[in-house]
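Shared chain: chain A. Partners: chain B in the first complex, chain C in the second.
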Partner chain A sequence: MLRDMMPLFDLYQPDTLDNALDLADRLGPEGWLVAGGQDSWDWLKNRTRRTRAVVDLSGIAELKGVRETDGGIQIGALTTLTDVQDDPLVRERYGLLATAAGRVASPQIRNAGTLGGNLCQDTRCWYYRGGVDCYRAGGNMCYADTPEGQNREHAVFGASRCVAVTPSDTANALTALDASMVIRSKGGERVVPAARFFVGPDVNIQRMTVIEPGEILTAVRIPGTWAKSAFYFEKVADRAAWDFALLSLSVALKMEGETIRDARLVCGAAACVPWRLEAAESAIIGKTRNDDDIERAAVAAVEGAQPLNFNGFKIPLLSNLVRRAIKGAGGAST
Partner chain B sequence: MSDTSINAEMEARRVSRREFIKRVIASGAVASSASFVMGGLAGCSPRPGTVAGSVERLISLNVNGQLRRVDVLPQETLAMTLRYKLGLTGTKLSCDRAECGACTVMIEGTTYYSCSTLTHSVRNRKVTTIEGLRGPNGELHPVQQAFVDELGPQCGFCTPGQVVAAVALLQKNPRPTREEARHAMSGNLCRCGAYDNYLNAIMRAAGNTAEIHHGA
Partner chain C sequence: MASDNQKIIRHAGIDRAFHWVMAAIMLVLLATSLLPMLGVRFAWYGVHWVSGLLLTVIIALHVLRALFWQKPRGIMIKPSDLKAGGAGKYTLAQKLMHQAWTVAVLVAIVTGLLLLRKAGVPFLERDPYVRSMASWGIITLLHDLAALLSVFLVLVHVYFAILPEKRAYLRAMTKGFISRSDLAREHDLNRVDRGE
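On to the complex of A and B.
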């Protein structure tokens, strides 16, 4: 009758970061760190992964909330996506992030899901999620990149044996805003820029981020650099709610009158990491938003793209998103 | 207890299946049925020697304004506890993967998927289920009445989740536009596709009759 349960695990519910760090240190790879749980429970219910122990971080108050820092803001990793989306400081200065957070999954998932969890979640490649012995799972082949492989959602950039993509909507927004990730362990703290926090299969084929066992992502720091720039965020997905991006694009433009003084274009779901479109940025920096330069950016954005059998549509889609974004980027609330 | 004997017993007592199941859960029969529900755990639920620092199993939950003592496994979800330990079967389990919304409950006024919430994480927090929305004399909540008036449900399975999501919306935003309501309700699927009826019901409950759209 009825439903299954997750297999038994030991549950730890630390209420301070120090206790959580002790547990993470003691349990190492055997302790599964859970923030909102909206992805973790599915892995365990599906039995594609098992764990001896779960460390539920959701009760650690000191890791929640947004506060002002010197010139920028710091967001606790356990701040829910709803709270990120609704926060007045985030909305006023970094509308890009507020919009991206509001496009994640569904209202109930945003109420439980956290910014840190959204950044650290694993890829959605369904072969990998199905529990096959692919490269990412420690095996020696990629099932998505085969003649019959169903790879409509997969990478057009930066593939290296594995063709999985980043599922996070907030990751590309935070990369565009030059954010840094604060990572704590019992041994101390390190601060890693978003551009190095996410790792592709060429760096480590079994992980999406630089976080090691025993470490906890505690906060995201956003500098003042891009505050109140002209922003644009768009997520293309099959469904308006719940769904993961087929492609998403975060754009920040620093305008000086009609001239684009600086630009950041970062797309999601195109590569294993948030993929910065530097050639497209170069095509518009120092220019006005005129059709010729926008066209150059749209072409430059997809240079070097390598489609698989079923994801060729991502190439013209990305060009179109770049055109729309540069034309449409607007004030603090995108 | 076999199906035949359940049917015979129901027949003898002339009670509905739903009432019968509720009585079974509320009575001592829970002990034997629990091992059935939690079948995957046979042999491992009374663990020899709990690891230091791990959670206590006997906890108090604040559900619909009542303090309930309940024995909760570490990996148990709130939907499981509500339905199979507390007898609150109004909360439905459908996908069990945070992908449908049938199990939506309120915790401190905010909506969550109870299938994807650990029961141990809601200690000391107020949980409200569909059963907790009724008035003091058992009357329907105004949102439920509006759902009835607008013929909201078709098969009705997603309805408790839809009602809870709608009540939470109206507590935060008493006069939503139809578009705001659509957005707020986007975490609740309806396989009958009765979305427009539900939106009409929410517009009615919010007193926004201008945005009640009955089809051509």
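On to the complex of A and C.
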């Protein structure tokens, strides 16, 4: 396989959003939108997927940068992960996102990879990425969830025929922060809450977000609701860098003295979408961070989990993460 | 001598219940399988396989009732059905419709139950390797063809059910009764009285 050679395609490099939207509209499903390219180039170089045309969005200046909005912030979809990690406004108000962005892959990839790309990237199920005709690839089978399937990285929640998980570290942080995604098309703009932006296989087995052909994710809006809360982010992976999560957990706690007034616990790499641990949230809201309630939350967090043959370790791991996160939120994030 | 307006029982309450429950489940099955293909996105799979299992149970009960409490030969096609006005309880068209439904539903149920092994349900270990890819392809094709046949049959069934001249049958399936005069249009009342 010619892994180092880019295949032939028509390359479009719009420098304004309007031009990009024109192209996206004209090319439809035949136009492959690329931001930082950290996911796309793999697909194309491996010849697992082919496209007639690539629309390189990286030259659109208006989609880059962080700006303050009414009570919150708006981050352009083409802002690099390094810029998200280093931005003073993000660090001051939404340390959770800064930490999550800083745990993506490696410094080189964070320099090229964008926030929008990290959110829209495809799953890393190796059967799917390897080009087999699984459900997600339009076929009629899941090769990961079989008696012999290698599914150590796969889902323990929300599987429906396909057991792939979201690989995004920033997705669960943004879901915890009640962020919204701004999606533009020739027809206008729609703003979708993070909780509805990501799509599980039960709803659409071939896509991971609600973005349709002809649409472009242009920005992420984070309201002030969770600004400066007590945050915690932890990513567990086989390697400390340049690896996808086996599990990650984003936690935001609104504290009133010693009492937890509100809580968000959102898990990554446990389902195809960022998985909110609502039962665990309920177990700690209105409580102090005492051991009994933390234990209840740790147990509640894994209710309904359905392990596959090789990923049972995710269940005690998630419980442990929840314990650590609730105790550690507001301190130094891991 | 029975009068023309005398109402006779055509479908007992339990049979009407079977019919309408089967109809509702069939519509759920068709909606959960076809709407996603038309771009209506929702979590269809769980509803689909649970409905499929429910239909299997209902059909099994229907078959048991037909075998032990009714006369199953009444639904079989006989030479006398080909004679105009010579039908027993069911006309030739009604029998053909029932046979077509039997084929569509049985194929859908058998292939659907087989597909559960591949697609996955909580109570059954998922193992697509119990069959070859070609076998899965054929099973899936048959399941889909049964679904398409069901769509066709629903359309035909509903069309005839709402035709004014067939309205008496629809009333019989809702209220249970039909008048002898309505029956006499297409049925041989002697055969009906003999329970054929």
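Basically, the second predicted complex is superposed on the first by the 326 of 334 C-alpha atoms of A that agree within 3 Å, B and C clash if a C-alpha of one lies under 4 Å from a C-alpha of the other, contacts with A are read in each partner's own complex, and residues count from 1 in each chain.
Basically, contacts are C-beta pairs under 8 Å (C-beta built on N, C-alpha and C of every residue); 3 or more make two chains touch, one makes a residue touch a chain.
Predicted model, so just to flag it, every value in this text is computed and none were measured.
The partner that reaches more residues of chain A, of the two candidates chain B and chain C, is B. When the two complexes are overlaid on their common chain A, residue A:L265 makes contact with neither chain B nor chain C. By the touch criterion defined above, A:A240 reaches chain B but does not reach chain C.
In the superposed pair of complexes, A:A301 makes contact with neither chain B nor chain C. Once the two complexes are overlaid on the shared chain, A:A24 sits clear of chain B and of chain C alike.
In the superposed pair of complexes, A:M181 makes contact with neither chain B nor chain C.
Once the two complexes are laid over each other on the shared chain, residue contacts for A:L119 go to neither chain B nor chain C. Look at A:V273: by the touch rule set out above, it reaches neither chain B nor chain C. Against chain C, in their complex, chain A makes its touches with residues 140-143, 145-148, 159-161, 199-200, 202-204, 306.
Residue ranges on chain C touching chain A, taken from their complex, read 41-46, 118-120, 122, 125-129, 133, 136-137, 140.
For chain B in complex with chain A, the residues that touch the partner chain are 36-38, 40-41, 44-45, 47, 50-51, 53-55, 73-77, 80, 84, 93, 96-99, 101, 104, 110-113, 116-118, 120-121, 165, 183-184, 186-187.
Put simply, chain A touches chain B in their complex at residues 1-13, 23, 37-38, 41-42, 44-45, 53-54, 56, 58-59, 82, 105-109, 111-112, 240-242.
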